[in-house]
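Here you go, one structure.
Per-chain numbering from 1; labels A, B, C and D assigned in written order.
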C-alpha cells in the first residue's frame, strides 16, 4: 500500500465523518444513549427490559468507539489538537473501563457521554464557547465574593460557633451556612438561633446579605456588560463602515466636480496657449 | 343575489367587525366572561346566583359565536391564515363542546377564553409577539440547561438514590428535586439528608447550583441583549440617517460652490473666445 | 392695605419658603417627626417619655401646618397645581383629623408624613419621577402576567380545589398560592399536596413557573431597556452633534478654499477685462 | 549620614517594596495567614498542631510589620495619603493589640487581614474601586427603599402588632420581618398569622412586595445602566475619533485637489501676465 493510497483512504474517511448524515446519525446515537442511561437508573425497567437496555447500551458504545477510531484514522495526531476531540475521546474511554470493583465511580461518570452533544452540535459548541469566554471577565469579582464568604465564615465561627453549633460549629459548617444565606434560601431560619441568643447578630448577617447581594449583582452586570459590549462594538463597526462609505461617496462626488473644473481650466489654458 | 351584492355585504360586515366600538364591545364581553368564569369556581355564588351566572355565561358565548361567524363571513377562508384568528376559533369551539362525561377536562380549558384578550387588544398582541420572538434566541442555552439538569439528575439518582429515596429515589423524583434546587427554593432542605449521610454531596450540589445559576443568568442576558440590540439598531439607524442627511447637505453646499466657480470659469472662457 | 403691598408680602413669603435654610429645616422636622412616629409604636418609650414624645409630635405638626399655610399664602391657588403640593396638603390634613373613634385607621396613615421627604428633597423627587415614568412601559406585560395568574388560578381551583382545599379551595386562596409560587417562595411545599395526589400536577405547576418567570424576566428587561434607551439616546445625540460640528468645520474649510480660488479666478477675469 | 545617603537608601527600599517578587511574596504570606486564621477556628487542628499554627501566625505578622515599616520608611508621611496604605496599617495594628480581656473582640477583626489581598492585588483594587464608584448612583433609590421599609414597618407594628407579636410586636421585630419579606425568604410563613386573623393583610403585604420588588429592580438597573453607560461612552468616543479621522482624510483629499487646481489657475495667471 503506497503512501498516496493511505492519504487517499484517509481523505475518504474524513469526508465520511464530516458528512451531515454521519453527524446527524451520531447525534441520534447520543440521544438514544442518553435515554438508555436514564432507563438504567430505574430498577423497574431494568427488571423487565434489562437485556434490551444492555444490548442497546453496548451497541451505542460500539458505535462511539468506531466513530472515534474513524476520526483518529482520518485526522491522525492532529485529532488531539482540538479540545473537543480530546473530550470525546476521554468520554468514550470511560465507557470502556470495567465498572466493577474500585472503578464503580466511573459508572456514574458515564452520563457525561450526554455532553458529547456539546461537541457534536455546532450551535451548542458556540454557546458553550461564549459561556466560557465570559468567565475571565468575572474572575476578580468571583474572587472578591469568595473572600467575603471566607471572612464572614471565619467571623461567624468565632462569634456564633458556641451559640449555634449546628450552623456555625466549625469553619466548614459556617461556610455552608453562609453560602446558603448568599443564595437567599431560608436564611432567616439559619440565623434564627444566633439572633435569638444575641440580637446584635442581625447586624452581622444583614451586613453580609447586603454586601453579598451587591457583589453578586455586580457579577451579573459584569457578564451582561461584556455580552452587550460585544453587540455594541459590532453595531458600531457597522455604523462606522456605513458612514465611511457615505463619506467616500460624498468625497468622490466632490473630487469628480473638481476634476471636471480642472479639465475646464486646462482647456482654457490650451486655448490661451494657442 | 348577484356576486357584487355578496361582496358588498361582506365589505359591510368587515367594516362592522373592524369598527372600534365593535372591538371594545368584544373586549368588554371577554372581561365579563372572565369574571363569570371566576364566579363559577365559587360554590357559594353558584348556590345563590347560579341561574344568573349561567345565563350571562351562555349569552357571552353566544356573542362570541356570532362574532366569529361574522368574521368568518367577512374574511372567508383567509380568516384562517392569521394564527390569532385560528386561536379565537378554537377557544370558542371548546366552549361549544358538551362538558359532561369524558370531555370534562375541556371545562377546565374554558378559562382560555380569557386569552382572547391577547388576540383582541392590539398592544397585547405586540407584547406577545415580542415575547415569542425572543424564544429562538434562547433555545440553545435552554437546551444546555436541560442537559445539565438531566446529567445531574441521573448522577443524583445513582449516587444518592439509596441514601435519600424520597428526593432522589428514581429519575423522575431526582429531576423534580434538581428543578427545585435550580429555582433556589428550599434547596438546603432538599439536599440535607444526602449531605448528612455523605458530606461530599455538598460539592456535588454546590457545583450544580453554581453551573445552573450561571446558565440561567446567561439565559436572562441573552433575552436582554436581544431586546437591547433591537433598540440600539433602531437608534443607530436614526443616527446614521441623521448623519447622512447632514453629510448630503454639506456635499450639496460644496458642490454648489464648485458649480458657481465653474460658471465663473465658463464666463471667462466665453470672454476669451470673443 | 393696597394690592401692591399684598403682592410684596407674598413675594417675601415666597422667598422665605424657597430659601435653602427653610427647606433644610423642614427636612430636619420631617426626619424628627419620623423618629417620633417610630417611638410612638413602642409602649416602653411611651410609658417613660410619653409626654415629651407627644409634645414633640404636636410641635412638628404645628410647624407643618404653618409651613403649608405660608406656601398657600405665597402661591395662592396655584399651590394646588403641583401634585406634590396637594400630596403635602393631604398628609398634613390627615394629621389634624381626630384619631379617636371611627377615624382610628387615619392614625396608621400618619406615618405617610415620612413621604414628605419625597416632595421636599429634590433628588428624591427626580428618582420618584423616573420610577413612575417607567410604569406605562410595563403596563402591557404586567397585564399579561395578571392574566396568566388569573387563568392558572381558575384552573388550579377547578383541578386541585378538592384535593388540596387549604391552598386551592377557592379562587382567592388559589390566587394567593399562585402569587406565592410566582415569587418562588416555598413553592415546592405549596404544590406538594396536589402533586402527591396527582403527579400530573407537576406539569401544570412547572409550566406556570416557566411562563411566569419568563414574563417577569421580560417585565424587568422592559424597564431596563427603557432606562438604557434614554441613556443611549442622550449619548447618541451628543455623538451626532459632535460629528456635525466636525463636519461643519470640514465643510467651512473646503468652502473657504473654494472661495479663495474664486477670488483668484475673479482677479484673473479682471486682468483679462483690462 | 548625609541627606543624600538617606534618600538613596529610601529609593533602594522603595525599589525593593515595589519589586514584583516582593509583592508576590507578600500575597503568598497573606494567603498563608488566611489559611492559618481558618485553622485557628478548629479546636481539633489547634490541639494537634497548635504550636506550629501559632508560630506560623506570629511569623506572618512579623513579616507584615517589617513590610509596613519598610513602606513607611520608603514613602515617609506620604504613605498615609493613600487610603489603601492606611487600611494596611490599621489591619496590621489590630494584629499587635493584645487579644486578652476587653480587647477580645479585636481577635475577631484579625480575619480582616485577608482583605489585604484587595490592597495588594492590582486587579482587586480596580474591582473594588469600580464597586465603590457605583454606590453614589444608587444612594437616592436606596434611601427610597429604606423609607418604604420604615413606613411599612411602622404600619405593620400598628396594624398587626397585637395579632402577631412574634413577627410585628415592636418596630425592631417588624423591620426585621419586613426586611425578610423584601428578600423574598419564606415571606408567606411570616405573614401567615396576620393574614389568617385579618385577610385584608394580604393586600398590605402584596402591595409592599410589589413596591419593594419594583424599587430593588430599579436599584439593580441603576447600577447596570451606569456600568453600561461607561462602556457606551468609551465605544462612542472611539467611533467619533474614527469618524473624525476619516473626515479629516476626506477633507485633506478635497483640499489637495483644490490646491492643485489653484496652482493650475496660478500658472494660467502667470502666462497671462507674460
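One rule holds in what follows: contacts are C-beta pairs under 8 Å (C-beta built on N, C-alpha and C of every residue); 3 or more make two chains touch, one makes a residue touch a chain.
None of these values were measured; they are calculated from a predicted model.
Student: Which chain has its C-alpha centre farthest away from the C-alpha centre of subunit B?
Tutor: Of all chains, D has its centre farthest from that of subunit B.
Student: At the subunit C/subunit D interface, shared numbers over all numbers used: above half (same) or below half (different)?
Tutor: The interface of subunit C with subunit D is built from mostly unshared positions.
Student: Fit subunit A onto subunit D over the CA trace and report the rotation angle, somewhere between 0 and 180 degrees, nearest 5.
Tutor: 90
Student: In whole angstrom, what separates the CA-based centres of subunit C and subunit D?
Tutor: 28
Student: Once you find the CA centre of subunit B and the CA centre of subunit D, what distance in Å lies between them?
Tutor: 39
Student: Could you check subunit A for residues that touch two or more other chains and list them?
Tutor: Subunit A, residues with two or more chain partners: 184-186, 224, 228, 232, 236, 239, 243, 247, 250, 254, 258, 261, 265, 268, 272.
Student: Strictly by the criterion at the top, what is the full list of touching chain pairs?
Tutor: Every pair of chains in contact is listed here: A-B, A-D, B-C, C-D.
Student: Can you list the residues on subunit B that touch subunit A in the complex?
Tutor: It is residues 140-141, 143-144, 147, 150-151, 154-155, 157-159, 161, 170-171, 184-189, 202, 206, 209, 214-215, 217-218, 221-222, 224-225, 228-229, 232-233, 236, 239-240, 243-244, 247-248, 250-251, 254-255, 258-259, 261-262, 265-266, 268-269, 272-273 of subunit B that touch subunit A.
Student: Going by the contact rule at the top, pick out the subunit C residues touching subunit D in the complex.
Tutor: Touch residues, subunit C against subunit D: 34, 37-38, 41-42, 107-108, 111-112, 114-115, 117-118, 123-124, 126-128, 130-131, 134, 176, 179-180, 183-186, 190, 220, 223-224, 227-228, 231-232, 235-236, 238-239, 242-243, 246-247, 250, 253-254, 257-258, 260-261, 264-265, 267-268, 271-272.
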